[in-house]
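Given below, in the form of structure tokens, are the structures.
Next come two complexes, and both contain chain A; in the first it sits with chain B, in the second with chain C.
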Partner chain A sequence: MAIVKNNFFEDGDVPTAAELNQPYDDAATATATLGQENVADNWITIKHIDTTPVGVFNKLFSFVYSGTSEFSTNSTSYVTIDSTGANPSEVILGYQPEQQEVYRVECSGLVTNINAEQTYDSTAGPPNGDRNYYAFRLLLTYDDGAGPLTLNLGEWGYSFTTMAGGTSRYWTSSNGLPKETGVPLGFQTFQFSKVFKHNGATGSRTFTKIELQSKVNYNGNTLKVSRNNIVVVRATR
Partner chain B sequence: MPYVKPNTFADGQTLDASDIKGNDEALKDYANEGIDRGDFDNNLMGTEEIQLGDYQPITNEYTFATGIATGLSVGRQETDRSYWTNTVKKQRLQDNTLKVWQSNYHTSPTLILEEGADVLITYGGSVPSFANEVSATGFWDSQIKLGYRKNSSDLLTFVEQTRSYAFEEALMTSAGPSGVKNPFGLTGKPSSAGDESPEIKFGLRRWIGWTAILTLPAGTYKFSYYINPKTEEGAFTARTFKAEVFYN
Partner chain C sequence: MAKTFTDKPIHQFDQVKTSNITTNLDKHLDEINGGLDSNNLPVDSVDKDSLQLPINSPLGISGTINKYGTIMASQAYYQVFTGPAADIYTPITSIDLDSDTWSAGFNTIPELDPTYEKFPLSFDAREGMLIGCATIDWEHGNNVFSVDDGDGNFVPRGRGNDIWTEWQVYVNNVAVARTGKIFPRRHTTQIPFAIACGTQPVTIDCRVQINTWRSTGSPAVTTTSTDFKIFSAGIWIRNQYR
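Up next is the complex of A and B:
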């Protein structure tokens, strides 16, 4: 838009109607499309940012369970953590992302009173194998219009004990004398994060939710988790 | 909506002062909070229009129009640790309701939230503790969590979603725990390990990490990571600490 101008009159001038109207008409035209010529440097502060209906620059989605109830599993396939039985660890998203949007997901929690009966720590087959390990993953559920689909955002592995290596190492509470044992790691925090980008077209996909899941490598070992949380930072444009 | 002049002048018209005044009054009203979002052109803003970010080198804090970010990453230097020595009687170290909270100064930003905001705090560090002179027969669990005060006179508000534990290198002459928490699982310590075995110590010295998500109203907040030490002396550190503010 243009900058509003003014007319200068000398004593004794008889202004025309056009001259009198001009500054007001210019103001009417200019104020319909205020542009860079009309605003000062550094004028935008947090006070000027409209926060409705969603955050302008970033939007956070989160799940927080801060209680002491324990989720317990000995499943060798991934199951969603649910510390109270009615409050699964998931972040509800429920929106369509724009193309090239970037997301950050952070997750943390507390592993509590584990029970590891066998902690073989090698790739050799049963009865050995990688029985010392358990893992978490973040699972995105989305919909492209034909029903829910899932995307594994990442997996993070931990061990029940500090031991490493060997084909005969184990620690046991019920299968005889332990030997070459490692130290069990109860009351251990876990923490991981992931950055991902939506490469599809804007509006082509609906993000439904992100779940925190866990599994163990051997069903004789039990993993327990109490407090846990997930946060998704959506960097909007 | 844009400015609209109430009076239009015509050639030959006798100039009326109130007509000019009316047009000027309307312009004044428009300039005084009459501008709305529809009046702004597309692609209005250049980066020079947005408030410049501010960096506070003393507190290592960045303040932007859109939020605040602060943090640190330190090595394992002993000078970076927060040390404590208890001033209570030895027997009280076994008290699980002990209200002694030691702050880690590396994790103590003061965040001034001009608007309601989501605050994301990420921590990673370790908590080595030193020998307790009390002849403990279990695993003294020192509780660790994030806390904050909204006003300086408030009591600490603890953030339970960051609840963590560190354990003392105690004499472990018994498999049963004497503290509330047992780091060795349901069955106590591994029976092949001696009380002072290196693997016991290794198992006790853990990395502690968490992310906290808080939704807070506008105000001034003093954060810190706190430990409720059950040992006579010890130390903890923040290898990484980051606080981010997302105005919502």
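Up next is the complex of A and C:
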């Protein structure tokens, strides 16, 4: 709001009723729209922040599966992790972000007793050792008003064994044997995080959910995942 | 302010001095004109809409390196990341440890590959805390060579199982978090960190120490180290204001 002005009366002046009333009327109008110029520095305290309806600064969304059932896959394309068969690893969001606001996604889990049948193929062309890899990704589903769309938020990889992948593992005629090319690194954690920003207009997009997905690079190898979780922090102010 | 009382009280049947009217009104209006403070506002009365909308930070770049930030009323987020390639199984950079330039100490990512010269995350922080995380998808696997099993049979055996890699996060060239030794494999390593900061320029980067050796045991192949690979790397930071 604007600064409220006062009339300056000196001794001997005869103020009118309108002049006397004016500052009160102006103050009544102006106090409905108090702004930065009306308040003292450092006036706000944490108790003034209303945290009752939703987080003013941050809001938390999460998915947690803490059981021991294993999700198993040998798919070479991404599939959503679902350790129990009825509880897919996904965070339901259901909000419309404002322009420039961010959301950060953190994810972790446990890879259990994986099976690596083959981590190197000397008969195939390069890169022969990519069979040693498996990967995770976070997939956002959103809606701009014309039905659900998806966006790959990020991918991160691991290897089944200690062996170098690609073509940099120096090989001999013995390479490619399904055995003795490394013990699978089971019961290891996986983890990754990233921040994303909404550059579109406020209210133009609805974030539906974020899924945790995985795949292997060779369908003879099997990835198994038990406990896993996804945390999404929506930062608004 | 807390409360304001009338400066020049006027009593019944008094003759009003006009300058007192000015004085009394000025005292109240001064509070409205910049003197309102925490005593004037009920608790729980500030909601999201009372605070400024987030604004874009000026450090946005994209391409090989993506870098952006958002400045909000209570916090700011900044992030830099590079990779992965279109195929998650293809590294964005490979370092030949036998012929490329690298240090036995800690290497920054631009030192390993100048393509990533702009990787360090630089921004102007506000006094408070820096809470962040580095996430690097990398690999330094071991070799496989044919080895005589003692009975005259040549069988594949891993070599280099004791090589290791360590990542650290540096804020203004001070190490604030480290992973410890990570033994051979492809691994996505996440390094959380938190440190207090002033209102100051801040630069954050991650550095890697690589311990390797030239494997032996092959009768047929020249001994060599495996490549050190990076598939993606990123740092995000939350600057929570005091």
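The rule is short, and it goes like this: the second predicted complex is superposed on the first by the 164 of 237 C-alpha atoms of A that agree within 3 Å, B and C clash if a C-alpha of one lies under 4 Å from a C-alpha of the other, contacts with A are read in each partner's own complex, and residues count from 1 in each chain.
As a convention for this text, a contact is a pair of C-beta atoms (placed from the backbone, for glycine too) under 8 Å apart; a residue touches a chain by one contact, two chains touch by 3 or more.
Keep in mind that this is a model prediction, so the values were computed, not measured.
Q: Which partner does A:35 contact after superposing on A: first (chain B), second (chain C), both, neither?
A: It touches chain B, and chain C stays clear.
Q: Quick one: classify A:66 as touching chain B (first), chain C (second), both or neither.
A: After superposition on chain A, A:66 lies in contact with chain B alone.
Q: So in the superposed three-chain picture, is A:101 touching just chain B, just chain C, both, or none of them (first/second/both/neither)?
A: Second partner only.
Q: Contacts for A:227 in the overlay, against chain B (first) and chain C (second): which applies, first, second, both or neither?
A: A:227 contacts chain B only, not chain C.
Q: Could you look at A:185 and tell me whether it touches chain B, chain C, both or neither (first, second, both, neither)?
A: both
Q: Per the contact definition in the header, classify A:9: touching chain B only (first), chain C only (second), both, or neither.
A: It touches chain C, and chain B stays clear.
Q: Using the superposition on chain A described above, determine whether A:45 touches chain B (first), chain C (second), both, or neither.
A: Touch partners of A:45: chain B and chain C.
Q: Contact-wise, after the overlay, does A:27 reach chain B, chain C, both or neither (first, second, both, neither)?
A: Both partners.
Q: Pick one for A:149: touches chain B only (first), chain C only (second), both, or neither.
A: Neither partner.
Q: Go through chain A and flag every residue that touches chain B in one model and chain C in the other.
A: 15, 20, 27, 30-31, 34, 39-40, 43-45, 47, 49-51, 56-57, 106, 108, 161-162, 171, 173, 177, 180-182, 185, 190-191, 193
Q: For chain A, which residues are in contact with chain C within the complex?
A: On the chain A side, the touching residues are 3-15, 20, 23, 27, 30-31, 34, 37-40, 43-45, 47-54, 56-57, 98-102, 104, 106, 108, 120, 127, 129-130, 132-133, 135-137, 154-159, 161-166, 168-175, 177, 180-182, 185, 190-195, 197, 217, 235-237.
Q: Applying the document's contact rule, which stretches of chain B touch chain A when the two form their complex?
A: 2-5, 8-11, 13, 15, 20, 23, 27, 30, 35, 37, 39-41, 44-46, 48-52, 65-67, 114-115, 118, 120, 122, 124, 141, 159-161, 163-165, 167, 181-187, 189-193, 199-200, 202-204, 206-213, 246-248
Q: Please name which positions on chain A make contact with chain B in the complex.
A: For chain A paired with chain B, touching residues are 1, 15-17, 20-21, 24-25, 27-36, 39-47, 49-51, 55-60, 62, 64-67, 106-110, 113-116, 160-162, 171, 173, 177-191, 193, 227, 229, 231, 233.
Q: Please output the residues of chain C touching chain A within their complex, sorted ascending.
A: 1, 17-19, 21-22, 25-26, 28-29, 32-38, 40-48, 51-56, 68, 70, 72-75, 77, 79, 81, 84, 88-91, 94, 133, 135, 137, 139-146, 154-158, 161, 183-188, 190, 215, 218, 220-222, 224, 226-227, 229, 231-232, 234, 236, 238
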